[in-house]
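Below is one structure. I have some questions about it.
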Amino acid sequence: MRIILPGDKISDNPVRMENAIVENGKTYATVMGMLDDEHGSFIPLESVWYPRQGDFVIGIVENSKNNVHTVQLDSPFRGLILPPPRPRFGRGRDDRFGGRPQREERQEILRVGDVVSCFVKDVKREADQIILILERPRRLFGGKLVEVRPSKIPRVIGKASTMLKQLEDGTKCTILVGLNGIVWMKGENVPLAQKAINKIQEEAHISGLTERVTELLASQNGGS
Amino acid sequence: MRAENEEYILEMLGKGAREHEREHMQYREIKIQTNTIPHAEGSATVDIGNTKVLVGVKLAVGAPLPDKPDEGALVTGAELLPLASAEYETGPPSPEAIEFARVVDRGIRAAEVVDLDALFIEKDKVWTTFVDIYVLNYDGNLFDAATLASTTALLGARMPKYEDGNVIREGNLGRLKTKGSVTSCTFAKVGKNVLLDPNGNEERIMSARLTIANDQDVVKAMQKGLRGSFSYKELTDLVDATFDKSKQLRDMVNKAVGE
Amino acid sequence: MGGGKNKPELIVDGKRTDGRAFDELRPIKIEAGVLKNAEGSAYLEWGNNKVLAAVYGPKEAQPKHIADPDRAIIKCRYQMAPFSSLEEHNRSGPNRRAIEISKVTKEVFENVILLDNFPGSEIDIFVEVLQSDGGTRAAGITAAAVAVASSGIPMRDIPYAVSAGKAGDQIILDLNKIEDNYSDADMPVAIAPRNNDILLLQMDGSLSKEQVSKAMEMIQKAGETVTKLQRDALEARYR
């Protein structure tokens, strides 16, 4: 593994991969990252969130008009929550699913300023910008929002969510991680959760991170 | 309209041709008229194709710059007049207009067209030369048109007199003292092509622009603009091309001012 | 650039006023990621120049009518602090010089940032010159390049900028303020090192064709040093 910087060559061949461009048949990095020459994998150290279908995001309702909500996601792309489609049969029912109202169809009552979590349903290129169609909005009551650099989000979650689980257990908090770089936390020891997340952000690239986070959580809990 | 022209011009360039059957390194027709605004101390109107630029020169008495107490001053301004193009708007000068004026200014200044030493009057009193560039019709390559017009206007300008606290602008006057002369050649990069004297259509699709101002011996000013790039080889080739093409421009200036 | 009657000798016994060789850079120090709020940032000392650069975004372009539906737009502001120079207090706010430098700096980054990835958005680049001693636009571009690279905003290369000029008949590298004031030519250049693309080129004074080439070669050679310092600053954050 070695650090490479924007403009550094990743491969003498054209390789279609994230955070890289192909010029004259060769592949070059576009962000700082760690390159594993053996396996050809490239993990960005810094990157900008680029939305994808199915991404879990957290944002703030910014505007509300005709039942369409605009969500500020701390990104250049505007999120939109559209009103649910009209039920095809009967009131609020969709017979495709055996007549039970689906989670997707249940409309939360949202007001400007509310914190919501959503999933990206669609990334649409509109006339003048990219619009994210969001679905399954869930209002988040209370709690605290923390900004995390999008490139560090995978480390906050950890392999198979191990890191996140450890954080939640160690702080007795519910922690929701938006891929857009916004993390919501609520529970017993929010300051500790925030401390741990900051540690992850700052030391994500140094090995032994899990152990150090375990240590931090244990030391703070032991004191109480 | 932009998209259609873009395709058309790129298609032509693919065949090695330009609008109006021009070579890559060929100017459009250039016309220089001197003394078009007789009220001004100096003036010239230059046409390059459909581009039309007027430069007026005025002199005024004022305080010297604090760091240059014993020489006159030179102030160059440019107005992209709304009447010159549907794309120009009223309001404070845009960054483009400011860059344009400053690049022309650097050429005139570096070539010492105006002899600033000769503009000293007495302690705390010097002449300031105002060069005002008025773009009357835009069809590309304002830089070369404005430099031609400025040089011509300055070389032919009258020198007012300062007597007993009064400025005398009429009567039997000499000429503004000048030392050098400068012209510029502007090149546009369109795709992989480099074109001398881009017209408006070519400028709308160029990725980069390079202006090289020179006298007969040396380069006096350069400015690369826009997001595209030039290679080192292109730069040296264009310096060569500038020395070659500027002969024609200098001859025109000399003829216009009667030398 | 230019004259003045009290022009000092810029080269005495084959050395420059500050003792440097003709092709010698001033000492340069770069630190990446110095500002918490910015997406990316850098602090750079280049001789007596002290420059901060920061980048924000991409975010929704404001006001909306300036948005480009095909790509991100860049807003760039280069500014010299009112207390930055050894001479008089500078009026704050953008003057014509600063507006031009902001424009050509913006154009450098329009070349290297992958703007197409973020249609409708804007990226803001700020260059604040805290102390100035000649060559601030080159210092600003060099610092801003580190700031952008440290932000994760995708870019095809990390540009650097260096200026060269002329004292008497001698081409000299990286002019300080006194040299800048009294030199016979000044030529700031920014280059994307991977292909040696010239992204910024300005010049005024007097240079023959051969001198232009000599200056370009000096700049490219110095660029290897500057690039190395930029890389070290970026990598230092992860060591």
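To keep things simple, chains are lettered A, B and C as they appear, and every chain counts its residues starting from 1.
One rule holds in what follows: a residue touches a chain if its C-beta (ideal position, glycine included) is under 8 Å from a C-beta of that chain, and two chains touch if they have at least 3 such contacts.
Since the structure is predicted, the reported quantities are computational estimates derived from the model, not experimental observations.
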Review point. Which chain's centre, taken as the mean of its Cα atoms, is farthest from the centre of chain B?
Key: A
**Study point:** Chain occupying the most central position, where position means C-alpha average
**Key:** C
Review point. Which whole number of Å gives the spacing of the CA centres of chain A and chain C?
Key: 35
Revision key, fill the gap. Cα centre of chain B to Cα centre of chain C, whole Å, reads 26
**Study point:** Whole-Å gap between the CA centroids of chain A and chain B
**Key:** 53
**Study point:** chain C, residues touching no fewer than two other chains
**Key:** 192
**Study point:** chain B residues counted as touching two or more neighbouring chains
**Key:** none
Check your understanding: Can you name the residues of chain A that touch chain C in the complex?
Key -> 3, 5-7, 19, 21, 23, 28, 30-32, 44-48, 50, 75-78, 125, 127-130, 149-151, 205
Study note, to complete from the structure: In the complex, chain B touches chain C at residues 66-68, 70-71, 95-96, 98-99, 101-102, 106-107, 109-110, 210, 217-232, 235-236, 239-240, 243
Study note, to complete from the structure: chain A partner, complex, touching residues on chain C are 40, 57-61, 64, 67, 69, 72, 112, 114, 117-122, 149-158, 192-194, 231, 234-235, 238
Point to revise | List of chain C residues in touch with chain B within their complex | key: 1-5, 87-88, 96-97, 99-100, 102-104, 107, 110-111, 185, 187, 192, 195-209, 211-213, 216, 220
